[in-house]
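Quick heads-up: structures coming right below.
Below, chain A partners chain B and then partners chain C, in two separate complexes.
== the complex of A and B ==
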């Protein structure tokens, strides 16, 4: 899995490509920890190119969501693919995580969550 | 067309990735077409969870993966030698997601498997653990 990160102040966009699965989930976990240490509080996780996710990948999504919320931050999951949406829906994650279909929607949500 | 697949892998997650790719290819060859694609994906996801579970918890030095295409479906098995280890013995219902600060950080694997396949069965032969998943792919 490829992870590309762009940071702008307190906001970061992480773009994932490939499978978010057990063998690579820790890479994303470590990247999230680094961003939190850099005082990032707004994260856009771009999932347009994530072909597959397992429960390890899902767990990292949950962990990152929880850690950001504990710091009054926010994470938005952008454009999950069909396979990822399936798992989000199956586990109820789609009810609890913020999922945006478009970048504009994601940015609007992150701005609105500023307080 | 191959009607069966058999792999032996060392218990590391990267080998699960390789096995998943092989399984996906096998399923797509056995049941080509977009109608079968969603069910094939479901089976591959359940299989991935089962293999991950074996890597993490079985203590086995080698994991055997078998799949066969028959009667419009796939029978998938994860086999490990050694002490009895029943991966189906844990909680079977999907973990409850609490409020935003209490999302669970684990425990979805078995629940996901049970939601995505038609049957899950565990057998211990006295020397081998055999987890069998069955999924209908076409009507």
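== the complex of A and C ==
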């Protein structure tokens, strides 16, 4: 799994590619912790190239969402693939996490247009 | 680098060389002993094994340098050995290196400097080698300890799962195959007031915390299930308690909780973000049981709805965790729900059905199970 991060003030975009599973999930968790320490409160997680997610991966997604929420921040999951969307839907994550189909939608949500 | 002085044994039949080396090494802080033959050198080492370094000539009458090295190494001597060679003896030097010497020195006009550099390097390497050996040993010991702990934890997990499941008018089959890692799957079943409760759960992740949450969740659900309330109330209360435990860790578990209400002849099923379960036969083919809400551990205020399905005599409720359907073969293909459904034959006894499925998955993935595999089948006989 490849993790690329771009930080701009209080906003960060993380682009993932590969499978979001077990040991990889841990790397993402560490990255999220670092971003929170740097006072990032808005995160865009680009899921376009994530082929598969397991319970450890979902774990990190939930965890990051909850931690940002606590800091009045937000995380948006951009364009999950079909396999990932299926897991989001099955577990009910699609009802809890903010998922955006397009970048415009994601940015607009992060800017505060929450609907 | 050394807090104590290193003792060096200089071996050469030529007294001039012995003296020159003893002087140089002595001036550089080493304690030197000398031997004039291979035999004496070996005897000195055997009787007083506290040498940090041995420097030996190759060409000696009696026991040669190569023989000395061979005997020392065979006797378990791991002290660094530097050999002395003349210019035309390189082949001998190479042979000596193969037999366990660490370095060679040319007996030329630079020997005063080269011997000190060589000695210092050899000793430094030895220190590092010893440190490395100790670290590896400590690591091995720690690894063994962790493996033992893991085996104990796996035992506890296996023991808290029910083994004897007998209910009047029902037949049960089950399978629990944890992966090599600590497991997060569990299942349970009990009877209360004429109703049979059953459940299957899958905790996220494969760490120690997953195992802990598995044990705690199983306990919570059984306790709630043995007191009052229907499946929705039980799941909602369990969720509140579990949320309090997992807090912001992101941990969650999927769960399918079912109650066979004998008086109504129906199954009441709550599926909390769990993979599709099936009700098979006898007259209505295979019915898919989808989630009626999200996973547990997410939000204490979450609610679930419930399926109510008639449980006909001859029908089987098939519960399993995603380790089964997500099992992959060498081509990366998933076993999938279609293959599973094709194996669910309503007339087969539950334990047979479970074994058939297990064999099929085993053949499919070449016995490479990357996740826990848990199955629970409950058939109504009458």
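The definition used in the following text is that the second predicted complex is superposed on the first by the 112 of 115 C-alpha atoms of A that agree within 3 Å, B and C clash if a C-alpha of one lies under 4 Å from a C-alpha of the other, contacts with A are read in each partner's own complex, and residues count from 1 in each chain.
The definition used in the following text is that contacts are C-beta pairs under 8 Å (C-beta built on N, C-alpha and C of every residue); 3 or more make two chains touch, one makes a residue touch a chain.
Every value quoted in this text rests on a predicted model; they were computed, and no experiment measured them.
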item	value
Simultaneous placement of chain C and chain B on chain A, clash or fit	clash
First (chain B), second (chain C), both or neither touched by A:42	neither
Which of chain B and chain C A:64 touches, first, second, both or neither	second
Chain B versus chain C as contact partner of A:95, first or second or both or neither	both
Which partner, chain B or chain C, touches more chain A residues	B
Chain B versus chain C as contact partner of A:22, first or second or both or neither	both
Segment of chain C intruding into chain B (one of 111-119, 309-317 or 327-335)	327-335
Set of chain A residues, in rising order, touched by both chain B and chain C	22, 55-56, 58-59, 62-63, 65-66, 70, 90-93, 95-96
Touch list for chain A against partner chain B, complex	19, 21-23, 52, 54-56, 58-59, 62-63, 65-66, 69-70, 83, 86-87, 90-93, 95-96
Complex contacts: residues of chain C adjacent to chain A	184, 202-206, 248-252, 254, 272-275, 291, 293-295, 298-299, 302
Interfacial residue positions of chain B with respect to chain A in the complex	12-14, 16-17, 20, 41-42, 44-45, 48-49, 52, 55, 94-95, 97, 100-101, 103-106, 108-109, 111-112, 115-116
In the complex with chain C, residue positions of chain A that touch it	22, 55-56, 58-67, 70, 90-93, 95-96
